[in-house]
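Letters A, B, C, D, E and F mark the chains as written, and numbering starts fresh at 1 in each.
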């Protein structure tokens, strides 16, 4: 049986559209996003003037998850406010994710 | 001058700063901020376009040339100064150049309100100058960084064409240019249909917006030390210099006292809607604390509170000479 | 006719379409869209109610009958045509019938603005026709699907009573009917208290709303091919036919040139607030690409841009005969 | 009296109650609610400050003393009554005292609109009374709880100074006081710049706000039984008593018929912006069902619908004596 | 000891109220919802005109989780934009969930 | 290797600022928050008049997670609408969390 992970990315809103396209090209079948506020190494991100965060969640196979993470690591991690984490989830209707 | 500081807009801005210093829980919902931005851009564009339709090409072409000249050269000398005197690295110098070359729609609106309060006439087509001056400086700033940084593999660059496309399709220039055109086309009947929303309450909305701007600027004040003394000095002296140049060239180009002052204000103002977004994407290595702090917490408050009356006095000196 | 296309509303709609085609990041915050909808419904209802209070029963009863007649019969022939000629399955045909039988408050508002711009008088009570025509067609559309589908176990049906309750309690009819009643009751004093918010800036707000509508319609344009040529033809020809019937019956019922044209616009317009929500819940098997695309990306733009002047010309022909 | 009930504001409130009873999906986006609140507070403060700048100290000092006296003593007797007669425990009695001692900006606005509709003159500086009466009662209510509860380890208390700081920096008093000051300083020119936004559409915005208030009050109605008969009686009788005291003292302090009535309305109204937030943090043991239900679902609707005309009649009796 | 799962449902906003009632009737003691945007098999869902998504999260016992999932599967999965997934979580104050 | 947990707190909005400060003082390096609606033991919490919920998420080490939870339990659990739960997650760039 396939293992699925819920991969969560919290990052700067300006990157959202680009990252979402990249997720799809790396194999994600769908994603969900919302606007969140946050505090991290790059300080508070809480409004449009200073920058806001988007939370992107995507359920993907373990393999795709790894691929996405190394892409993010290479392209974004040292230059933008961003965290990413994942954990296994049980899903119904696997055709939404594969 | 007191009349200008005691305007509702400036006082609302001050109240916002105070509110954020006393850690008030006052907060504008994000969508209110976005809605106010959309409103201001449409209102400025629409009225400017309508007024432009009443002007002749004769009146407009010289000021337009000056405006474009200003926003193309300001980033150049800003960049050089930031590199040489400010000792900033390439991306930060380029980002500052982009911000100070571009313009602030809200400072512009405050300048309009300032002149209307003192009943000083100005050319109605000034918003078209605002629309022209927004984007070129940002592209020049970003190009300066491109030219001065060898592309490396780990550091892929977004093609400048792509950046330009995104800037022109970006909400601020799209709304400004789009409604400039709409205002230009609809004529008096069209303008009068929407004036009750886009003209009458304009200063009230600006007051609201400046309250929110004060809240943000107040929070940014604590970042001032990160910027250092140099940035504070730069954020005040440069706008004054740009304003003087703008006023002088504006008056040469035939603008009235009011029009020349407003062109000075445009030259002096620093962008904080289009430029930060573009720089974050195209110049990620530039540190937002520098450009946001100086544009939002130094230059913007200075212009709103002291710049406007000061430039007005300067304009009177220059133009009556 | 040019005057109509060059109205701020139509141009804002076009700008929205362009913005979404050039992939602008311009986006209305969702709560702004919701707030504008609430505003429009209240403003239409309130003014209509006030104007209705000035009318006599004599003037109103015939147009009201025609309005109800139209919104009850349009879904019937639309359904038959969709099944027979369009070869759609039951739920999709029923959903299209519901949408085209019901009405669009924004198209209606644009029609009012169109007439006011050209200074063509029309009956002030027309908004009450809008309020009456919204719900019946949706119920009829959904009932058509019920009658023509045997209920299966895996496909439980929401009782039509429940659907009706939700429609009447739904925000669009609740606000329209509620404020129609409020406007009717408050008299001149009451109306004048709220007119500075609900009447004066109305066309400006409509301009904002149509900008947003353009953004959405622009995105939907890419779905046009899914709908196919039939849907495009249907989305243009049917509204024209309905408009002609509406204008003709309206003039028989004693409406003025303006009033009859507006009744034609109501007949021709397709709902995209109440109907999509209701169909999604009650007819989940119907594919939103069909009804949303035709209502939002074909009929709505057609009516706003070309329909209004066209129906006006048609009305002139019919009524001066 | 009928004229008052048939005002757009009261009818919108009723419509809101009905909408929530029929489980309508009508919902104001949260940011619209927040934006309307910000608008109302700014508009009240600004206009009040401007009007205050037109008044003399002579006129203001006596009503001000009465206002402060009222909001400092109302919580005391409310607390005692709640403990002795209502048998509430300390935190709940204190929270109710805080709410009924403080004031409601929306009830106040409705009172202004009521008087304007009937063309009854009133002192323009009344909003400064509103601003003064908001906070003291909340602090007194919270202090009452402090004094009467021994602090335990598991129940750490936020220092009252901290509570005071948060209240003064809280958005409602910050906006009210801040814009009172701004309105006071800007003079006629300043006021006229923003009046098209903050004055003209005021009653329309209030209508919108009361629609939303009705939606919430309607939902709260189902909590009425939790409160019990005592709370219902209290939520109606106490406001009437407070209104009578307020009107009487107001007229002694030299206020006109209109001014005294409005002071009575202030005394009678219960806070539901500042007080609930403060009590939730400082008196978490107090149960929101009690204070929210009585303030929002009993006293507020009663005042809006029946209180205003009633207090007006009472004022006529008291003042012509 | 009881095993708790965080069950997440992302689906069309028009269904939210109904589903929330059903969750309670199937044994959930509470739930949390928010508006999100998303892309999946049914295309982009990002605004009120074309339809928006609600994310509903509920912490339930393993048994209730299964019950809810089979209910959703039967009633909604083939007719609406919807995904559902779950994973075990540690909770405090179990009385909120049982 | 360090174990990281995603700790989620759903509680009354009025508490958010205070709790966020406490999270940091107890060792969290960052957090993300957003406004959500909910229903639980304390009834529906869905608007500003009656009270709204904030969801605070923080990724912390197992130890910090425990510390935060006992703090919340002591100070808030009996007096406010609040739930808290956690589960292990895999993270990239551990410097954001330690």
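The rule we apply is simple: a residue touches a chain if its C-beta (ideal position, glycine included) is under 8 Å from a C-beta of that chain, and two chains touch if they have at least 3 such contacts.
Please read all numbers here as calculations on a predicted model, not as lab measurements.
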Any chain in contact with subunit B as well as subunit E
A, C
Going by the contact rule set out at the top, which chains touch both subunit A and subunit C?
B, E
Taking each chain's centre as the mean of its C-alpha atoms, give the chain farthest from subunit F.
C
Compare the CA centroid of subunit A with every other chain's and tell me the farthest one.
D
Distance between the centres, which are taken as Cα means, of subunit D and subunit A, whole angstrom
46
Separation of subunit D from subunit E, taking each centre as the mean of its C-alpha atoms, in whole Å
40
I'd like the Å distance between the centres of subunit A and subunit E, where a centre is the mean of that chain's Cα atoms.
21
Which residues of subunit B are in contact with two or more other chains?
25, 29-31, 34, 201
Subunit F: positions in contact with at least two other chains
34-35, 87
Pairs of chains, among all present, that meet the touch criterion
A-B, A-E, A-F, B-C, B-D, C-D, C-E, D-F, E-F
Can you list the residues on subunit B that touch subunit D in the complex?
3, 6-8, 11-12, 15, 18-19, 22-32, 113, 117, 200-201, 203-205, 207-208, 211
Which residues of subunit B touch subunit A once you look at their complex with the stated criterion?
30, 33-34, 154, 156, 213, 216, 219-220, 272, 276-277, 280-281, 284-285, 288, 292, 296
Where on subunit F is subunit D touching in the complex?
12, 14-15, 35, 47-52, 74-75, 79-80
Within the complex, which stretch of subunit D touches subunit B?
29-31, 34-35, 38, 42, 46, 165-166, 168-171, 174-175, 178-179, 181-182, 185-187, 189-191, 193-198, 201
Any idea which subunit E residues touch subunit A in the complex?
10, 34-41, 53, 55, 69, 72-73, 77, 83-87
